[in-house]
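You will see two complexes here that share chain A, one where it goes with chain B and one where it goes with chain C.
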Partner chain A sequence: MSTLTDPRGYWGDLTSEERGVAGFLAAAVLVLLALMLTGVLNPTYFLFLFGLGGMFGLMSLGLNAQWGYTGLINFSVAAFFGLGAYGAAIMTASNSPIAGDMNPIFGLVLGLILSAIVAIAIGIPTLRLRADYLAIASLGLAEVVRLIILNEGQWTAGSQGLRGIPRFFEGWPVLPTLPEALPQVNIEMIPGRVVTLGLPFWRQLLNVTLVLTFMAGAYLVLRRAHRSPWGRVLRTIRADEDLAKALGKNTYFFKMQSFVLGCLVMALAGVFFAHFQLFVNPGNLDPTTTFYVWVAVILGGAGSNRGALFGGFVVVAIREGPQFIEQLPPAFLTEFPPGFLRDLGFITDDVLFELPSIAISPGPLQLLLVGLLIILIMRFRPQGVLPPQRELIWPDAVDEDVRKRPDSGVRDQRGGDGDE
Partner chain B sequence: MSESPTEGTATDASTERAAEETPGDDEERSEIVLEVENLRKEFGALVAADDATFDVERGTITGLIGPNGAGKSTIFNLISGFYEPDAGSVRLNGDDVTGIEPYKIANRGLIRTFQTPRKLEGMTVREAMLIGPQRQPGESFHKLFTAPGAVGERERANMADVERILEEFEIDHLARQPATDISGGQMKLVELARAMLAEPEILLLDEPVAGVNPTLANKLADQIRRLHEQGTTFLLIEHDMSFIMSLADPIVVLDQGSVLMEGTPEEVRTDERVADAYLGGGGV
Partner chain C sequence: MAVTEQFIRLAADGVVYSSIIVLGSIGLSLIYSIAGFANFAHGDTMTVGAYATLVIFGVVGGTSMSVLGLPVSFFLALLLGAAVTAVVALLTERLVYKPLDVGPIGLLITSIGVAFVYRALVQIRFSADSRRYDIQALRPIDWLLEYNIAVTEHEVAMVASAIVLVVGLHLLLQHTDLGRKMRATADNPSLARASGIRVRRIELWTWIIGAGLAGAGGAFLGLFNQLIPRMGFNLLLVIFVPHRDGRPTDADPDVDRHPDRQRVREGTRVPHHGRRVARPAPGDRRRGRRRGWLT
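On to the complex of A and B.
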């Protein structure tokens, strides 16, 4: 509300980190819009990437609720993601050996229940111990879950995977047929380059709406939890578990809650993935996912929900970005006039000069960039891009703090004629 | 403002106590808050606590002293549940609390502080203070969503308590400082203030003035006296002899894991066994 009534004041309240990230995001949006309107980037494909970004954002939110809040080291992000995906797929896929062809809501419920059960099962023996033990156990758990899914074909269809998963909004009113009903839109910003927004685009937009809904839900729950006394106990445990114990907090129970909550959010990402790809197989539980999510949380800043979301999107940009680069240095640096200008048809097709460059395959470049990113963060900004910026106190209490006098006056009045 | 009269009465009371008990105190003194009986803890061949037995009576500031390695901190850890004793028992208000979890002991009204102040990264002082209050509705996850009003109300009340207690401790100017950026002595004050928010019946302080400058140490002593006047029982470990002699009565002297003697500061000061223990005890 204050954003709308007083934008300048809102901007003034932001810290320099927040301004930096906001500026970066604004620039990224502008560049992406320009790329899409000029036809360089296919909008449908962009929405697909955005969906992936949201999925990673969700997983980072989940890991942040475990590691960022409480200091729990969880190396089985991919497993809980996979449990969510398989929970959804088993209930809804057409070749599911158990259930199949049910409403996606049941899949959502099963995915969440599965991940909660596994989280509790791994938490009971490890959360009473030091943080290291959970780390070791979760490393093993990821592999165990993947192998069970791969080998228990009578439940999961094994290595052939589960196919024929419906879209999430199948069976809902209006939404499943909405993309068909929407018209095809042609945008021609540059003569001869028509950007078409058709059925695939609207379908993908519906997917993005789903992931945004999941993200918003998870974010709102986590933000409230983070600012509450509950979150404060978790942060105390992260800093010093003995202190929390000495002040009468049942740290085991708090750690369990934090762990299960994070796993549920990861499973949510998996549920989205199943209805996004419409196909899941054991390869989706690839442990590298876990480490990308860790990079996202470290990049965003431990304990920061917004940072985790930001990190999730950046990681996807780094994972998927290299496929647009065919050589290094990129063509627009070594050729004149650059390729994209010639693509647009302003300039004739003659290359005036060309500097030497090497052809590149995206896979190794991905790893190189991630490695570089980790080194840069650790060297220059170990606390992450956007660590928590403000005191985390229940909002009511802080407001009261600011406008103390008028409120106490009101309370006195109420006390006079009230009946409580 | 209200500081000087409180201080005045505190000093009066402690002088009275040092001279002889007041009748009012007598009634309270009949009750024992903490009973430590034959407490034993071995680390391999080392017997850190060797059948230690002593009581802490309600309304006292009981001192626990002894040379390095006498087992003072071990005893604290055994009482507060951080170590499990090999033998013996700890009773809190008559209930056996031997070997139960630290948080349960804290919930029963025994709060402890640590020798080295614990740092809470990423929190301001007032946030770090807000962990102190017990049984906050906001610590239950579902209530954040089912009863946000109650959570907010309690948080407001706690916040007011935090402000009040920070003012009483004269560190209200630190409220919004990062909890890791204050001096060691201020951290000790914050720890004591936070422990008070837990409304303990008995407070165990592990070297409250170690590494604290004399001015701040006096301030801490004043605070302990003031809180004692308000009804809190204290058990404290301290190496600073003048600090503990002026503050505590009775004093329990530990040596090699067992209780050497117990008495008033005067008795402790004049006891030969105590002097021997501190000087190496070659004669025994």
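On to the complex of A and C.
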């Protein structure tokens, strides 16, 4: 644990991107803690958002294994997410037409199997296609899966959705009743503003523990895969598939493995979602989710697992942020300068004027922000905020004008061990 | 003969609907051939056309003179709406796509962002509720009902307009100077440039024509159904389909469908997405392009 024994040296080893992201995260944690302790942000709601962030982080990890490692364009993220969610729901929901009320473990297994089967079935015809054909084929697949789930009511209960899904730890020892057993905690940082941590908080905390477990598992597996010889073949395929073929690799087979691996992680996010929301319906398979996950991966930096996780949380912040704008006091939006500045006495009455009220509903604003974010990233930082650090195989490693290594932060002595 | 009747009815519906789709997918194909990427914003470009027509038609208002049940001013609004769409597309090309330094896949992803921005702006301005053009809905034409074809005069107008536009485009591509230059550019941008074609100008014309057709298609789609901000996005998949296989004049389709040969033909470089950004030679970003519909 060099972090603990030698923090200064550890910081010195970080690349500038890593420092930037670490600083940003530290600031975000401080701000969020302050908001929660002062009672501005409800801790239970924060944990809910964190759960969502973890879910998006899982999906972007999965997409990163496909697009970041191998260069496969998969526009059916929402479909594999939905297969995971429906696999879990069909086994466990109380109104499931096939097999309800079973242990969530069976739901997990069914979700993963379903998505693996669909991934193989769609991979056989499409993985031989060029990149943008795969994009369109997978966009079509997402629509097919959504319509099947919507219309095959005898299996999926159609548009009503599946309800009465138990929490994931139902039927386990201790854990299901743990939230009830935990005491209610009152924190009073500012006099008169009591922050209560009760049953809902402990329940959400259990959910967050679950998603963190899934995330850690997926992250460790993917990191191991990425560093292995197998991962190097994938990156070679991304850089130059003909080169990989010339080295005797069956690239189709490798692409298939990478595709299925990514789809399994997406399905895992779906399984979590089913036990998080306790209700699934075909609306959860909206293709817009796919594009949010893409934003997360591009923002984080294609090929980087940590970047994908980071992007997942940022996307949730963007998705949920516009809802807070509505909650701001109207005067803040319609008066300029806002009241608290006027109280300071710097501003005399003659600069006061009324701004036109900004009445934008959160839905389109969220869409607008995500759209602008995509354009701005592609314009100014197409490699993302945290691209793979200490990477040995660059996408253009085969070019003649290859730079030997990144500019900074390369730990020479660690060679192939420390790449991410 | 219920089956025959149903077949006729479905065929008539299909002809009407596909005349809308054709307008969208032609523009998509043109842009794919010359700009070199799959434009995911094309569906939302149709939405822009539909709403632009709505605004202009609202300003111009209905006229008493009408053709096929549609006021003449609607056709005027349609043309102006298509022109507005073309301007929007040109601005997008100039401000968003042109300054980018990424491969075709990067452009594809950027176009998703553009699609979101279009849709969000339309939704902010016009809300998510559905709207209609201020035109009386018509009953199906009586004498055609005897043959079990339920088609309104509006739908006849759509099909006729689509035919006019498509034939016009065909003549443009086959028999005019601009068309020849466009085909040459689609076939081989470097050769076209070396031959003295101003490739940049051809690209801009492609955007104008492609987006203009999409705008007209969007207006017809709004007339056929109704206007909602998602209308174009919902159609996106459908307009991609004919674009795949509709290559009427490709001499040897098998050659570039075979993945191995495809790679050889198009150069082996895969789009970059690592820390370092590719600096391809000018015109190089079109290398990922397949031989398209135009050649």
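Throughout what follows, the second predicted complex is superposed on the first by the 357 of 420 C-alpha atoms of A that agree within 3 Å, B and C clash if a C-alpha of one lies under 4 Å from a C-alpha of the other, contacts with A are read in each partner's own complex, and residues count from 1 in each chain.
Rule of thumb we're sticking to: a contact is a pair of C-beta atoms (placed from the backbone, for glycine too) under 8 Å apart; a residue touches a chain by one contact, two chains touch by 3 or more.
Note that this is a predicted model, so its numbers are computed, not measured.
After superposition on the shared chain, which partner residues are touched by A:370: those of chain B (first), chain C (second), both, or neither?
In the superposed model, A:370 contacts chain C only, not chain B.
So, A:239: does it touch chain B (first), chain C (second), both, or neither?
Once the two structures are laid over each other on A, A:239 reaches both partners.
Would you mind checking which one, chain B or chain C, touches more residues on chain A?
Here the partner covering more residues of chain A is C.
Identify the partner contact of A:135: answer first if only chain B is touched, second if only chain C is, both if each is, neither if none is.
After superposing on A, A:135 lies in contact with chain C but is clear of chain B.
State whether A:247 touches chain B only (first), chain C only (second), both chains, or neither.
In the superposition, A:247 contacts chain B only.
Please work out whether A:228 is in contact with chain B alone, chain C alone, both, or neither, and reply first, second, both or neither.
Only chain B; A:228 stays clear of chain C.
With both complexes superposed on chain A, which partner does A:388 reach: first (chain B), second (chain C), both or neither?
A:388 contacts both chain B and chain C.
Can you give me the overlap between the chain B contact set and the chain C contact set on chain A?
After superposing on chain A, chain A residues 238-240, 242-243, 303, 387-388, 391, 394-396 contact both chain B and chain C.
Quick one: in the complex, what on chain A touches chain B?
Chain A reaches chain B through residues 221, 224-225, 228-230, 232-233, 235-236, 238-240, 242-251, 257, 261, 303, 387-388, 391-398, 400-401.
Within their complex, state which residues of chain C touch chain A.
Interface residues on chain C, with respect to chain A: 37-38, 96, 99-102, 104-106, 108-110, 112-121, 123-124, 128, 229, 236-237, 240, 244, 259, 262-263, 268-278, 288, 290.
Spell out the residues on chain A that touch chain C in their complex, using ranges where they run on.
Interface residues on chain A, with respect to chain C: 67-68, 71, 73, 128-133, 135-136, 139-140, 143, 238-243, 291, 294, 298, 301-303, 360, 363-365, 367-368, 370-375, 378-379, 382-383, 387-388, 391, 394-396, 403, 406.
Chain A touches which residues of chain B in the complex?
80-82, 101-103, 106-107, 111-114, 118-124, 126-127, 130-132, 134, 136-141, 144-145, 148, 151-156, 158-159, 176, 194-195, 198
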